[in-house]
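Have a look at the structure below before the remarks.
By written order: A, B, C, D and E. Residues from 1 in each chain.
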Amino acid sequence: MNALHLMAELIFMPLIAFIVGMMMVLMMRKISARLQRRIGPPFFQPLYDIVKLYGKDTQISHGLIHDIGIIMAVGGYIGAEILLPVPGMEGIAAKGGVITLSYFLMIPSLGMALGVGQCANPNGSIGISRALTAMLAYDIPFILVVFGAAWHYQSTSLIGMIEYQQVHQWGIVEMPLLAIAGLFALQGMLGKQPFEIYIAPAEIATGPMVEMSGKYMGGLFVMQTFQLYTAGVLYASLFLGGGTSFLTLLPKAFLVVALPMSIAFMFPRYKTEDVIRILWKWPVMLGLISLAFIL
Amino acid sequence: MNSLVLLMVLPLFAAFIIPVVAKFSSKLALFTGPVVLCINLLLIMSAWVKVGSGAHAIFLGGFLPPVGIVFYIDHFSLLFSGLIASMVLIVWPWDAKESRLYSLYMLLSAASFGLALSADLFNLYVFYELLAVATYGIIAKQKNSSATAASLRYLFISSAGSVMLLLGIAIIYTLTGTLNIAHLATMTENLHGFAGLSAFALIAIGAGVKAEMFPVNSWVAEVYGTIPRQLSALLAGLISKLAVVLIIKMLLMVFQVQAAFDLLLVVGMLGVISGEMVAWRAKDMIRMLSFSSIAHLGVLFIALSIGGSKGLWLAIAIMLHHLLVKGGLFLMADRFSGHFDKLKGLAHHSPMSAAVFLVFILSLLGVPPLPGFWIKMALVMNLAELGGGLYYLAIGVILLATIIETAYMFNLVQTMYLKADADSTPLNKRYSASYTFAKLFALLLLVSMVFVSPISKRLKDIANHSANPQIYIHTVLPARYLGEKS
Amino acid sequence: MNHFFTVEGILYFGAISLSIIGLFGLLVSKNLFRLLLSLVLFEAGANLVLVLSGFIRNGIAPIFLDGNSGAVMNDPVPQALVLTAIVIGVGVQALALSLIFRVKKHYGSMDMRTIRSKLEREIAENAGVTPPGSNEAPAPVKLIEGENS
Amino acid sequence: MKKELKIKQKERTNPLAHVFDDFIRFCQSKSLFMLHYCTGCGAIELPPAMTSRFDMERLGIQPMVTPRQADILLITGYVSIKTLKRVILTYEQMQSPKYVIGICSCTVNGGMYWQSYATAKKLNEYMPVDVYIAGCMPRPEAVMAGLQRLKDNIRNDKKEHKGSAWKDYFKRYDYYLGNQQALFGEDWQTPTDIIAEAKLYGLETEETYGKHTKLLEKHQTPLLPQEMRIK
Amino acid sequence: MTLLDHLFIVVFSCLIAISVVRNLPIVDKLAPVLYGLILIMLVRMASVAYGGDAYLSSFSLDLLGFKMHWQFTALSWYFAIITLVAALASAVFMSGDWGRQYREGGGNYGMLQLALIVNVFSMILLLGSGDLLSLFIGWEFVSWASFLMMVLSPSKLAKKSAVKYIVYAMTGAMALMVAIVMIYAVNDSLEFEQISIVFAQMSGSSQVALVLLLFVAFAIKMGLLPFHLWQAVAYAETPGPGAAFLGAISSRMGMFTIVLVIVQFIGLGGLKSVGTSFANMQTLLAWVAALTTIIPTYIALQQHDAKRLLAWHGVGQGGYMLLGIIMFDSIGSAGGLMHVLNHASYQAALFMTVVAVMYRTGTSDLNKLGGLVTQMPLTFLVMLIGIIGLAGLPPMNGFVSKWLVYRSLLVNGQPLLFVAAVLGTLGTILSVYKLIHNTFLGQLRLEHQNVREVPWSMLVPMLGLSVIVFITGFMPGLILPWIASVQESVGLPVIAHHLGGIEYAKGGLDMIWVSGILFYGFGVGALIFYFLGGKSKRVHQYDNYAGGHFLTSDVRYHYSNNFYPGLMHLIGTWYRGSFQWLENSIVSVMSFFSVFFENIYRAKQPVMLLLIGVVLALLALYRNLGVGA
C-alpha cells in the first residue's frame, strides 16, 4: 500500500463519506416529510444548509476549548472513516480492528461534550449528561453485537469479516437475532426519535447545540452526515456482507439507515432512564440469546 | 551449691526481722529488703555459672528422696529466680513507709523462689499458698478500701482453686504413693489413666486461678483496677508466670500426653479470644492492659500445648517477651490514666512516652523487625507442623487476636496523635522511677531485636536441657534406687 | 460398687460429700461470712480426702507399733501433709476474716452482690470511665457539658 | 432617502471571491432557519405554514429553537414593551446575516393597539426589519409569500441591497439604542456587546457611536470575555 | 556486592538522609535528587528488563532456622521503575510551593517526606524479596508504611479511615501468614518453588483454602471487591501528593504479589484444577475482577468530592489489571501488566491536578467549582490528558492496555466479562466527564475570578506525567519489551510486539497509525474549521441563551449537582451499600461476643466459673480418653 495510494484514500474516504452522508440526511428528511404527507426539502438542501452555516458572517465562541470541541467532533469522525473499509479503499482497517473503531466513535462525542461544556450553558450540560447516559445505554448492546460478530468471524478486522461473508452467507443469515439486536442498537446510536432526549428542542433548547452558531453548527451537521454514513456502512459490513463495489454497498447502507428512520418518526421521546432500561433489556437479551447459539 | 537454699531462707528471715528493725530506724528497714534481694541475685549469678549446662539437686535436711524435699537447680529455675529478684527490686515500693508492707514483699519473694526451685509437689503447694497469702496481704494493704474488697473476692476464688490443687495432689498421692516429681516421672504409666489426668486437670485449673486461665480469671480486672501500677506490673508480669511454672513442672515431667495438651490448648484459645474481645471494649488503659495480659497468657498456654522441648522453648520466649512488654506497659500506665478520649493530643505533649508505647505495641502485635514477630512466627510455624484441626484453629485464633489487638491499640494511638482539645488531661510529667524502668524495658526490647538468634539459641538449650525427664530423674533420684527400679 | 460399703468407701464418701457441701455453700450463699464458713468446710473436706489417701484397711497407726514390724501400718506421710494444709487453711481463713471486717466497715453490707457492684463502680470512677454494663440505671446522658459529672 | 453610510469592511474584489460570494448568497437564500418566537396572536398562522398543506420545508426553511442557530426572527403580533426587551436580546443574540419579519399589522404601525400605552408601535424603530406581512393575522399564503419575498431579496441583494438590513443595526446602532433607551430608560443594557461586534467585523460607521452609546458605556460594565492566560 | 546490594544500600542511605534532614529547608532540594539517584541505580539494572537474568543479592539472613534472601527479577524491576517514577513526581510536587502551603497550614511536612521515602524503601524491599518470609516482612513494611502516610493528615476522618485500613491490612497479613505456614508445614522450607510443589501435593479442600487465603491477602491490599471499602476514603484523605503516590502504586503491590505467587507458582493449571469444573478458581477470580471494575466505578459516579471520585476509580481500575492477568494468555496478561503502568501514570497526574485545584481554590468539592479552564489552562490540559487515559480513549496509553484486555476476552470467548469490562469503561467515561466538567467547564464563580495557574514546581511533575501518558500511548513499543520480559520470567506466553503496538494473528493494533489517523482527522477538522468558516467573536459567559432571560451574577447559571439524574433514577436504588452493611454486621457480631465475655467476667461468684471449668475439663478428658477409671 504505497504512500500515494494511502494519500488518495486519506482524502477520498472522508469525502465519499460526506457526500453519501448528505444523501442519507436528505433521505432521512424526505422520509419524515413523506410520512407527514409533505413534499420535503429539495435535493441539495443538506448542502445548502451546511454551506449557509459555514457562510455565516458572524458567529460566537465561548473559548478555545469550544473550538477544539468542534474540531475533535469533525476530526474524530474523519479518523473513523479511514478505519472503515469501503470497496476499493481500505485505509488502515488492518492496523486497528472493530474495537478501535467503536472507541473512535466515542471520541467525537467526548470532544463535543468538552466544547459544549465550555459554552457554560446549563441546557448544554444537561444535554451532554443525557447524551453520555444514552451512549452508556446503546453502547452495551452495540459492544455485544461487535463481540458476537468478531467471535463468529474469528477476527476483529473488518476486511476479514467482509471476505468471510463473501465466501459464506451473510452475517444476517447466520446470526439473525444478533442482526436485530444490532438494529436496535443502531436506533440508539443514531440518536433518532425514541432515544433523542438529549437534543429535545422544547425542553433543553436542542441540548448540546444550544450555543452553536455559524461554522460550529455547520461542523455538527457535517458530523451528523458522517454519523449516518458510518452507522450504515458498519452495519452493512458486519451483517450484510459489505460490498465488492459501491453499487452493492450503498443500497445496503441506505436501507440500513432508512429502517430506523422510518421507525423513528412514529415514536415520541423516551425519558433518559427509560432509554437505558429499554436498551439494556431487549437488545441485550436478544444479543445474549444469539451469542448462546454462536459460542 | 547448697547455699541456694539461702535464696528462700534469707527473705523469710528478713520478712520477720523488718518490723522489729523498723522500731529502731525506719531507714534500715527500708533497705533490708533490697539488700537481701541483691544478695540473692549474687547467689543466683554464681549458681548460674557453677551449674553450667548440668543440673543439681539439693536434698533438704539430708533426707534422700522420695522421702525428703528436693530443690532442683538448673538454668530454667535459675532464670526464673533471677527474674523474680530483679522484678521485685524494680517494683520495690520505696515511697511506702510501713515496714509491714516490706515484710509482705519479702514473703512474696521467698515464696516465689521456693516455687521456682522446689521439685516436690506438696512443697510446691505450700509455696503456692504462701505466695497467695502474701499477694492477698499486699493487695489489701493499699490505702483505698476497694482494694480490700478486690483482695477478698480474689481470696475466695484463689483459695477455692488451691483446694482443687490439694484434691489433685491427694489423687496423685493415692495413685502413686509419692509426691516427688522425679519419682512420679518414673511411674508415669499408671498416671496416664483418667484418674491421673483428672488430677492434672484439677492441678492445672487450681494453679490456673493465679495464672489467669480462662474460666477463673475474673479477679484480674478487679484487682489490677485497684492496686498501684508497679504492683500490677509485678503480678501480671511475673507472679502469673510462676503459677504457669508450676503447671510446666507437672506437664513436662509427668503428663506428656495428648489429652493434657488438648486441655491446655482449648483453655488457651478461650483465654485469648475472651481477653481480646473484652480488651476491645475497654475504655481505659488499665482495664485494656489487664485483659490483654489475659489474652497473652492464653497464647502462653497454647504454646505449652505443643509439648516437649519445642513447646517449652516457645513458652519461655513468650514469658520473657510478655514480661518485658506487659511489665513495661503497666509501669507506664500512670502516664495514660483516665478515659481514652482524655488522652487526645498526648503524643504532642510527650513524644517520648508515645514512642515507647508504640514500640511496646508493635512488638506485642508482632511487627517484623521486633522480637514479637519472630516469637509469633516460630509459634505459628510449630503449631502448623503438628497439623490437625485443633492446632489450625489455634493458629486462626492467635491471628484473629492480633487483628483485634491492632484495632483497639491503634484506635488508642490514633486518639493520642489527634490535636488536644479542651477536656484532655495534661500529662503528669513528674519524674517517676517506673517510667525510667519502662524506658529500660523498651531499650532491652530493641537491643534483643538485634541479638534475636543468639538469644533464641540460648533459650533452646535451656529448654532441651530441662524438658527431658531422664536428666531430671538421674540428678534427683540416687543411682542405687534407680538400679533396683529400672 | 462392692468396695463402696467398705470402711474407706464410707469414709471417702463422707469426705467428698463434706467438700461438696462446702462447694455448694460457696455457690449459693450471698453473705460474706457464710461464704467463709463454706470455704472452711470445703478445705476440711479436701484435707480429709488427703488424710484418707494414706489409709490401709486394718492397718494400725505407726505410733502404736512397739517394735514388731510385722503388722500393716497406715502411711504417715499424708498425715504430715494434712497438718501443713490445715495450718495454711487456718492462716488464709484468718486473713479472710480480717478482710471481711474492713469490707463490712467500708461498704456497710455483707452481701457479696452489692459489694461487687460497688467495687465495680469505684474501679470505673477512679479510671474515669462509665462502669461496664451496669444494669441498674442507664448511663446518664451528658446533656449539658459537665452538668452531671 | 438615507445617505449611504460607508462601512470600514472592504468589499472583496477578486473575481473568484465574487463567484464564491454569489454561491454562498444563493445557499443562504435556499436555506433559512426560522426562530419561531411567538410574541403575539399571529403565531397561530405558522404551524399550518410548516405542515403538509403549505410545507415550508420545500423552501428550505426549518424551525430552530435558539437565536444562535436561527437566521429569521419572526415577530408575530403586537409587541408589548416587556416582550420588546426579550425580542431585542434575542435579536442581538442571533448571528448575522439575520432577518426580521414582522407579521401582522401590529408590528407595522401598532395595528389595533395603535394608541395603547403598553405596546411598541413601529418595530423598525428598535431593529431593522426586512419584510412586513400586513394583515390582522395574515393567512399562511401571505406568510409564505412574505418568506418567498425575503428569499428573493437575499438572492439578489447584490443589486437591490434589500437583503442586508441587518447591517443597518450596526451602522446606525446609536439611533436604535436611542429609541430603546427612550422606551426602557437610560440604564438599558443587554449582555451582548454590539459595539465590540461591530468593531470586530468592521461594520461600524460614524453613526454607530453617539449620545446614546456614551450613556450605555456609562451604565454597562464592559463584559469582556475571560481570556485564557498561562501565568 | 551485586547491583541489587548497591540499590538496597542507596535506598537505605536515602532513608537515613531524609529522616535526618527532614525538618530543615534543604529537604525540598535534597528529596527529588535522592529519588533521582535511586532511579539511576535502578536504570543501571535495566538489563533484567530486556531479557537479562535476575539479580541475586549477597545479603542473606538465617534467623531461628528460617533462611531469607533477596533477588530482583524482571517483574520486580517493572514495578520498581513505576514506584520510583511516581515517587520522584510526587517528591518534586511536594517540595515546591505546595510544601510551603502545607507547612503553613499546620501539616507536619517533614514527616510527609519521611513517610514517602519509608514507603519507597519498603516497596523496594518487598519487590526484591526472594522467598516467602522476606515477602511477608516486605508486605508488613509496605502496609505499615502506607499507614504512616495516611495517618499524617490532621482531619479526624483521615485518622479513622487509616485505622480501618490498618485493620484490613493486618487481616491480609495474617491470612498471608497462615498461607505461608501451610506451605512451610509440608516440607519445612520457605522458597517460592515450594508453593507449586506443596500445591500439587495438597488435597482438594486445602488447595482451595491456600488459594483463597493468598487471594484474600493480596485482594485486601489491591482493594478488590469484597475488601474495597477502606481504600477510597483512606487515599482521598491522605495529604496532597501522598494521595497521588498511594493512588498510583501502593495498592498495585497487591498486583505484584498476585502475579508473583498466584500466577507464577500456582498458574493456570492450578487455578483451573481448584473447585468444580463449572466454577473453577479462575472464573471466580475473573468475576471478582469484573465486579470490581463495575461497582466502584459506579460508586465513583456518585461522589461529589474530586479526590474521593478518583480514589474510587483507583479501586475500579484494579479490577482491569486482575481481569487481564487472570486470562493467562499473552495479550490478556500483557494488558493487565501494562495497565499497572498506565494507571499509575494518569492516576498520579489526575490526583495532582485535583491537589493543584485545591491549592488555588481551597476546595475539591465538585459542587463548589466551575469554569476554571480560563484561569488554569495547563492544569486543565493535564487533567484532559489524564481523563482521556483513564477513560481509555485512543491517543493515550489507557486505550492500549484496555484494548489488550478486551482482545483477550474476545479471543477467550467471555461475552459476560466483556460486557462487564465495557460497562466499567463507560461508567469511567461518564464520571471523568463529570470531574472535568464540574471543575474546569461551565460558569466561573465570582470568588475564583482572580485564581491563577499553579506555580511551576507543581506544573512540571504534572506535565511530565502527562507526557509519559501520551508517549507510552503513542508508542507502546517503548514499554512492551519490559512486559514481554516480565511474562517470560513469570512463565506466561510472551506477547509479540513492535514499536507501534501489538501483532496478533486475528487483528493487531498499531498505535502509531491509529494516533496518526486521529491527528490527521483533527488536522483536517481544524482546516475546515479555521479556513472555511469566518471569524468568530469571543463572548462573555453571561452572553448566553437563557430563553430571553438577562443573565446577571446574582443567579448562578451553572449545572453540576446531581450530574446524571436519568442514570441515578434507574440505578439509584441499587446503591444499598450492601458491602457496608456486611462490614457493620461483622463488627456488631464481634461486639456481641465481647459483651458476652464481659458479662462472664462480671460473674457474681467466680467460684461458679471454677466449678464449671473443672466439670467441663473432666468431661472432656473422660470423652477424650474414652476409658473409665
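Throughout what follows, a residue touches a chain if its C-beta (ideal position, glycine included) is under 8 Å from a C-beta of that chain, and two chains touch if they have at least 3 such contacts.
Because the structure is a prediction, the values reported are computed rather than measured.
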Revision key, fill the gap. For chain B and chain C, the contact-path distance works out to 1
**Study point:** Joint neighbours of chain E and chain A, given as chain labels
**Key:** D
Review point. Greatest Cα-centroid separation from chain A: which chain?
Key: C
**Study point:** Top chain pair, ranked by how many C-beta pairs fall in contact
**Key:** A-E
Practice item. Taking each chain's centre as the mean of its C-alpha atoms, give the chain farthest from chain D. Key: C
**Study point:** Between chain D and chain C, distance of the C-alpha-averaged centres to the nearest whole Å
**Key:** 110
**Study point:** Mean-CA-position distance for chain E and chain C (Å)
**Key:** 63
Point to revise | Between chain B and chain E, centroid-to-centroid distance (C-alpha), Å | key: 46
Review point. Measuring from the mean C-alpha position of chain A to the mean C-alpha position of chain C, what distance in angstrom results?
Key: 92
Study note, to complete from the structure: Residue ranges of chain E touching at least 2 other chains are 371, 373-374, 444, 535, 537-539, 541, 543-545, 595, 598, 602, 607
Practice item. Enumerate the residues of chain A that touch no fewer than two other chains. Key: 55-60, 62-63, 205, 210-211, 214
**Study point:** Residue list for chain B, restricted to those that touch at least two other chains
**Key:** 153, 156, 160, 221, 281
**Study point:** Chains that touch, pairwise
**Key:** A-D, A-E, B-C, B-E, C-E, D-E
Practice item. Under the touch definition given earlier, write down the residues of chain E that touch chain D in their complex. Key: 371, 373-375, 377-378, 444, 452-453, 535, 537-545, 548, 550-551
Exercise for review: Would you pull the chain D residues touching chain E in the complex into a rising list?
Suggested key: 66-68, 85-86, 89-90, 93, 190-193, 196-197, 200-201, 223-231
Study note, to complete from the structure: Touching chain E in the complex, chain C uses residues 23, 26-27, 112-113, 116, 120, 132-133
Practice item. Could you pull out which chain E residues touch chain B in their complex? Key: 62-64, 66, 133, 136-137, 140-141, 144, 151, 154, 156, 159-160, 162-163, 166-167, 170-171, 174, 177-178, 181-182, 184-185, 188, 590-591, 593-598, 600-603, 606-607, 609-610, 612-614, 617-618, 620-622, 624-625, 627-629
Revision key, fill the gap. Note: in the complex, chain A contacts chain E through residues 10, 14, 54-63, 65, 67, 70-80, 82-83, 91-92, 95-97, 99-100, 103-104, 106-107, 110, 113-114, 117-123, 125-126, 128-130, 132-133, 135-136, 139-140, 143-144, 147-148, 150-151, 154-157, 160, 197, 205, 210-211, 214-216, 218-219, 222, 271-273, 275-277, 284, 288, 291, 295
